[in-house]
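I have placed the structure first, in the form of C-alpha cells, so that the comments after it can refer back to it.
Chain lettering (A, B, C and D) follows the sequence in which the chains are written, and residue indices restart at 1 in each chain.
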Amino acid sequence: MMLLEHEAKQLLDSVGIQVPRGLVIRPGDGTPDGIESYPVAVKAQVRSGGRGKQGGIVRAGDRPALAAAITRLFATAFGGERPEALLIEPWLAIERETYLSVAVDGRADGYVVMYSARGGVGIEEGAPPVRYPVGAPWNFRVHGLRKALESAEPDYQWREKVIALAQRLIRTAAMRDLTTIEINPLATLTDGALVAADARVVCDEWAHFRNKAIHAQREAEKRRAEPLLRDCLNMQHMYVRLDGDIALISGGAGMTMAAMDMIADCGGRPACFLDCSPGPTSTRGYRPAFAMLDADPRVKVILVSVFGGGTQMQRVANSMKEIMAERKSRKPVVFRLDGTNVDQVPGIFARFGAHNHARLEDAVAEAVRLAGGRA
Amino acid sequence: MSILLDRTNRVLVQGVTGQMGTYFVEDACKYGTTVVAGVSPGRDGAKVGDVPVFGSVRAAREATGADTAIVFVPPAAVLGGALEAIEAGCRLVVVTADELPVLDTIELKAAARANGAAVVGPNSPGIISPGKAKLGFMPSFCYMQGNVGVISRSGSLSYECCKRLTLAGMGQSTVIGIGGDPVKGTTAAEALGLFHDDPETAAVLYLGEIGGSEESFVAEYAARPDAKPVAALIVGHTAPPGRKMGHAAALIGSKAESHAAKVAMMRSAGVHVASGLSDMVETLQAALSHGMRAAQDAAA
Amino acid sequence: MMLLEHEAKQLLDSVGIQVPRGLVIRPGDGTPDGIESYPVAVKAQVRSGGRGKQGGIVRAGDRPALAAAITRLFATAFGGERPEALLIEPWLAIERETYLSVAVDGRADGYVVMYSARGGVGIEEGAPPVRYPVGAPWNFRVHGLRKALESAEPDYQWREKVIALAQRLIRTAAMRDLTTIEINPLATLTDGALVAADARVVCDEWAHFRNKAIHAQREAEKRRAEPLLRDCLNMQHMYVRLDGDIALISGGAGMTMAAMDMIADCGGRPACFLDCSPGPTSTRGYRPAFAMLDADPRVKVILVSVFGGGTQMQRVANSMKEIMAERKSRKPVVFRLDGTNVDQVPGIFARFGAHNHARLEDAVAEAVRLAGGRA
Amino acid sequence: MSILLDRTNRVLVQGVTGQMGTYFVEDACKYGTTVVAGVSPGRDGAKVGDVPVFGSVRAAREATGADTAIVFVPPAAVLGGALEAIEAGCRLVVVTADELPVLDTIELKAAARANGAAVVGPNSPGIISPGKAKLGFMPSFCYMQGNVGVISRSGSLSYECCKRLTLAGMGQSTVIGIGGDPVKGTTAAEALGLFHDDPETAAVLYLGEIGGSEESFVAEYAARPDAKPVAALIVGHTAPPGRKMGHAAALIGSKAESHAAKVAMMRSAGVHVASGLSDMVETLQAALSHGMRAAQDAAA
C-alpha cells in the first residue's frame, strides 16, 4: 500500500530525516493563512505515478496564484485519481538532485539500496542506479555501501551523507514494515541542506496485525472503495478493474491472469482480475463478487474459473447452485471448475441445469461468444 | 530421483491440531507421504489420525526422526514455527501460508541459509514429487511421475499445467511452488540449480508471471552451455502496469517487469516461451526435442 | 527516560497490543463527559514508582466520585511529583494477573524477557520471574521462550499468548529504541481478553538523533526543569539533587560518586551529583553549574573535583579563574583538580589566590569544615 | 604480558582527521603506542603527523598490517565504523564514545562475538598497558608497569585509583575501562577471564558502582577456588535509588543493585571490598597478602 507524499514525508521526519516544511490542505479548506513566503509548490496528493508530468505540481508566486492552483488541482484527476489533499511547500532552491531508495528485492533475499548521482523526473531514462544488496536489514554495512558508491558519487562529503541516510532508511523500513522508501529527488539546497524533496513509501499490508498505522491504511483503502467492491475486499478478494466486458470470478493469481490472457487471445476483452481464492468457498465468499459484477454495466458475461487444490470443488459447485438460484441478474455465467473432488461437480450442476466445461479453452470460447466477440 | 522431496523424507506437521493440519495429515498420508509426527505446543501426547503429537519440533525429531516440516499456523506465528523447525535441524521446511510480512520471510531465508536448510514458500502450494510424496494441497490426480521439473510462482496455474502435462503423458520429477511473494525461501535460481543436478529431470518447465525479477534467473540458467532444456509460460500480458495482480510480487513496477520484456529476455537466452496456456505442452515438447538434437549434435 | 503510563499504553496500542480504552485529562479540563459506564479507575500519571501504594489509583463509582478523585489527585504529589495528567479507564474485571517484561540486561549482552505467573503490586516480593536471555533482538526465538516458560506457566493456551506478546514486545523495543517494556499486571479479564492493565516503558535517550519521539521527550524533560537547571542540562551536565549542603562540580560519574561518598564518610552531607564532564571545559560549560548552585539556598560550600584524562586541567583552571572573577556569590569554593597537565594548575591558581588540593581527602575535609560539619 | 594490548598491537585510528583523532595520534605516539594508520573516508593520501590516512579499514590493514582500531566518530557513526573494523579482521576495537544507543552496542557485541574480536567500550576511557601502549586519553603519569590488573566502570575513577596505586609502588599490568553502559563490548566477566589467564597479573582491582549486575560476575570469579586475589571499590553508597547517576547503568533499579547488597554479595564471595577511596590501596594490599598466604598454605 502506497502512502501519500505528505504521509511519507511525515514518516521520514519522525526518524530525523529533513523534509520541506509543508502544510496539508483538504477540499473545502480554502486558501490557507500563515504562508510565510512565496513562491510555494502546490502538490497534488495522489498515489498514481507521473504526477509531475501531468501538471500535478504547480508553482504559485503569490496568494491569488495559490488560490487558483488549489481550485484547479482539486478539480483535476491524475491517473484517474482526484487528490484528497494538497501539500503546500516552500519552492525549494535546489542545487543538485540525486536519487536514493531502499526496497525489498527478491534477488537480494531482502533489501537493496539504490543510488543515482542524477535524480529527479528523468531517473528512469538515465543510467541505472548503483545497487547495493543488503538482504536482512541487520546486514547493512556502512563500509559496504561506501564501496558500492565510490564509483557513482565522486563528492565524498555528499557520499557520507547519503550513506548515513541510507542506514537510517534501512532501519526505518525494517521497523515500520515498509517495502519501499524512495527519495527522488534527494536534493541539496543552495544553502547546503540535504532535503527529501519528494518521497514514495510503500508499506507491507501483511504486517497489519502488528502495525496499527498499516492496519489503518488498509481500513482507509476499503473505505475509499465503492460499497460493492468494499464487500468483496472484506471477503479478502483481490480485484483490479480492466477495460473489457468478460468478467472473471477466479481462484489463484496465476490462473486468473492465464484466463485473462486466454480471453484476449480468443478475441475477447477481460473486464477484471478477480481472485476469490483467499475468501471462503461458501456463498458468503462468492455472493459479493456476483453482486459487484452483476451491477457493473460494462460486464456482459461472467466466467467462473477455479482450479482448486485445498479448495474443494463440490463446495464451490454447491455455492454456485445456491447463488444462481437467488440471483436476479440475467447476465450469462460460464463455468469451468477443476481440481480436488471435481468428479462431484457434474452431479451438483445437473441439479440446476448448469454445464461445467472440462477445458478452460472451451469455457473461454463460450464466454467470448456470449459477449459478442469474434470467437 | 527428484529434488528436495522423495520417499525418504520423514514429515512433521506444525499446527497439526488445526483444521488445515488435520486435513493435510489425511490427504498426504493417502498419497503416500511419510508423515511421522505432529507438533502442537501444549498438546503433546495427543494423536491426529495415527500421527503422534509433540510439544516441540525437537521432541518430535528425537522421537520419530522427522527431518522435514510443513507449517500450518496463522501468519503471525509462521516465523516462530519455521525457525524452530530450521534450528531443530529439519532439512526442508514448507510454508504454504500467504499474508506473511516480507520481513518475516527475509528473516526466515537468512536462518535457512545459516542452517543449511531449504524453505519452500511462503504463499506457495508446496512441493510434490509425483508417485513419491506431496507436501501441500495440490490435487493428486493432476500429477504423474516423470522427468519434467516444474517451477511455479502460482499454485492453481501449476495444477492446471501439470494436469495438461499428465494428460499428454509427460510426467514430472518434482513440482515446486516457489510462491508469489517477492522474497522466496527457494528462488527460481535455486530450484533450477537443484533440477540441473537431478539426473531424473530431463527438462524444466517454468511458470512465471509479470512483476519481479525471478525470470532473469531463468534466462541466466538457460543461457548456460550445459543447461537442460527450459520451457516457460509467463502469464499476465493483459495485466496493466502499476497494479498488484493478487500476488505481492505480481506488479509491473518498471519496463523490465512487463510481460513483453520478460518474454523477449527469456527467448533471447534460449528459453522456449509458450504464447499461452494452450500451447504450453507443445512448447515444452519443442524444448525437449531441441535439447535432444543439441545433445546428438554434441555427441556427433 | 520513562514514559508516562498513558504514553506507554498508546505505544503498545500502536503495535496491536490490547490496552484498556482510556481517556487522558489535564489540570483544568474538569470532569469529562462521555464516560460510558462506571466504575472507572482514575490513575495519576507520574514517573515515580509505588503510585498504587500511595493512593495514586482511585476507583470512582459515579460522576461525583470521579470529580472528587480528579480534584484530589491533581492536588497530590507522588514521590515529590505532581501529576501532569490523569488517565481514566474502565475499572477492569480482572480474573488473573501475570507479569511480563522485556528489558536490556548486560548479562544477556542485550535483551531479556521476564515472566511471572503472579503479577500485580507484590511482584517484587514474590519468587523471581523466569528469565529468558535474548541478546540481540533478532535472536528471539518463540521455541526458546516456550521452553523457558514451561516450568513457570502451566496453562498452555495462556503461555502461547504470552509468547506471541513477548515477540511483539521485543520487536517494539528494538524498533522504538526502548530499554524496558514492563507490563504489570498483564491481565486476563473475566471475558477472557488479555489486557496490558499497567505499563512502564523506558526509552533510550541516546537514540534521540534517529527517533523524533525520543528527541521530543528529551526536550520536554528540559522544559520541565527549573530555568537554572535547564541551563545545566543544555550543557549536557548530569544532575541529581541530594539532601545535603556540600555541592559538587565534578567530572565523571564514578569520581563524582566517590567524592559524594567521601563527603559522607567525613561527616558531611553531599548536596548533589553533578557531572560536568560531557560539557565544554570553557566558562560556558561551568558557568551554569555555579549559577545553579550559588542560587540554591541549601548549598553552603562548592567542591570542584575534576580528575581529567581528555579534559585538560589548565583549561579547567583558566575557566575557574574567569568564573571566580565574575562570580557574585560568596559561598566558599574548594578545588581539587588532577590529571592531564595538572602541573600547570598551581601557576594559574596563584593568579587569583586559589589553592588546589593535591589529595581529594584534603579537599573534602576542607569542604566539610567550611560547611560546619564535624570534620 | 598484559591483556588485549601490548607492544605488538598495530593501531589504526578511525576518524583520524577530527579533533579527537588528531590529538590521540600525538598523545598515543608519545606514550609509545604503535599507531600505523588513520582512516577517514574520502581523505586517503592525507597524513596526520607521520601517520598515513586511508579511505577504509581494509586498505589501512593491507598497507600497514594494522590489527587494532580506536574509533573517534560521532555517536551515529560509531556502529558503522566499528563494524567495519571488526569485519576487516581487527582483533581489538576501542570505542570511547558515550551517547551510543544501546541497540548499536548490542549489534556491535554480536558482531564482535561472531568475528572473534574484542571490543572495549563504549562510554569508556579505553585501555592502557602501562609502559607498553595506551588506547585512550588517560593521563599517562598516573600509570606504572606492574602486576595489578584493573577493571573499571568509570574513567576518572580509574585515573584516581591508578595514581594511588602508582604512588604506593603498585604497578599495573593492564587497566581496562569496561564503560558505564548497560551492555559492554568487554564485560567484567570477560576481563576477569583474561586477567586470570595472564601470567603477569597477580591480582585484580575492580572499580564498580551501584546499578547493573556487573558485580555479580566479579563475585562469581572470586568464589572460584583458583581465583587470583580480587579487591574492589564500589562507589555510590550515597546515591538515591531510582535515579541515574551519570552512567546509563548507574541506577539502583532493585534491591540487588544497591551499594550495600553488592558489597555484601562480593564480600561473601571472598572479594576484598574497600570502604572507600581512601583505603582502596590497603585493601588491595590485604587481598594480595591474603592470596600469598593462601598460596603458601596450599604449597605447604
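Going forward, a contact is a pair of C-beta atoms (placed from the backbone, for glycine too) under 8 Å apart; a residue touches a chain by one contact, two chains touch by 3 or more.
Since we're looking at a predicted model, the values are computed, not measured.
Farthest chain from chain A (centres taken as the mean of C-alpha atoms): D. Centroids built from CA atoms put chain C at 53 Å from chain B. Annotation: 26 Å between the Cα-based centres of chain A and chain B. For chain B, residues touching at least two other chains, in rising order: 76, 107. Residue positions of chain A touching 2 or more other chains: 136, 138, 174, 209-210.
Contact topology of the protein chains: irregular, matching none of line, ring, star or complete. Contact between chains, per the stated criterion, is found for A-B, A-C, A-D, B-C, C-D. Partner chain D is touched in their complex by these residues of chain A: 138, 141-143, 146-147, 156-157, 159-160, 163-164, 167. Contacts from chain C toward chain D in the complex involve residues 48-49, 104-107, 109-111, 124, 135-137, 139, 174, 177, 179, 204, 206-207, 209-210, 238, 240, 242, 251-258, 260-265, 270, 273, 275, 277-278, 306-310, 338-340, 342, 360-361. For chain C in complex with chain A, the residues that touch the partner chain are 13-16, 136, 138, 168, 171, 174-176, 209-213, 215. Across the complex, chain A is touched by residues 41-43, 56-58, 76-77, 79-81, 83-84, 87-88, 107 of chain D.
Of all residues in chain B, those touching chain A in their complex are 20, 23, 75-76, 98-103, 106-107, 109-110, 113, 125, 136-139, 142, 152-160, 163, 180, 182-184, 187, 207, 209-210, 212-214, 216-217, 233, 235-240, 242-250, 254-255, 275-278.
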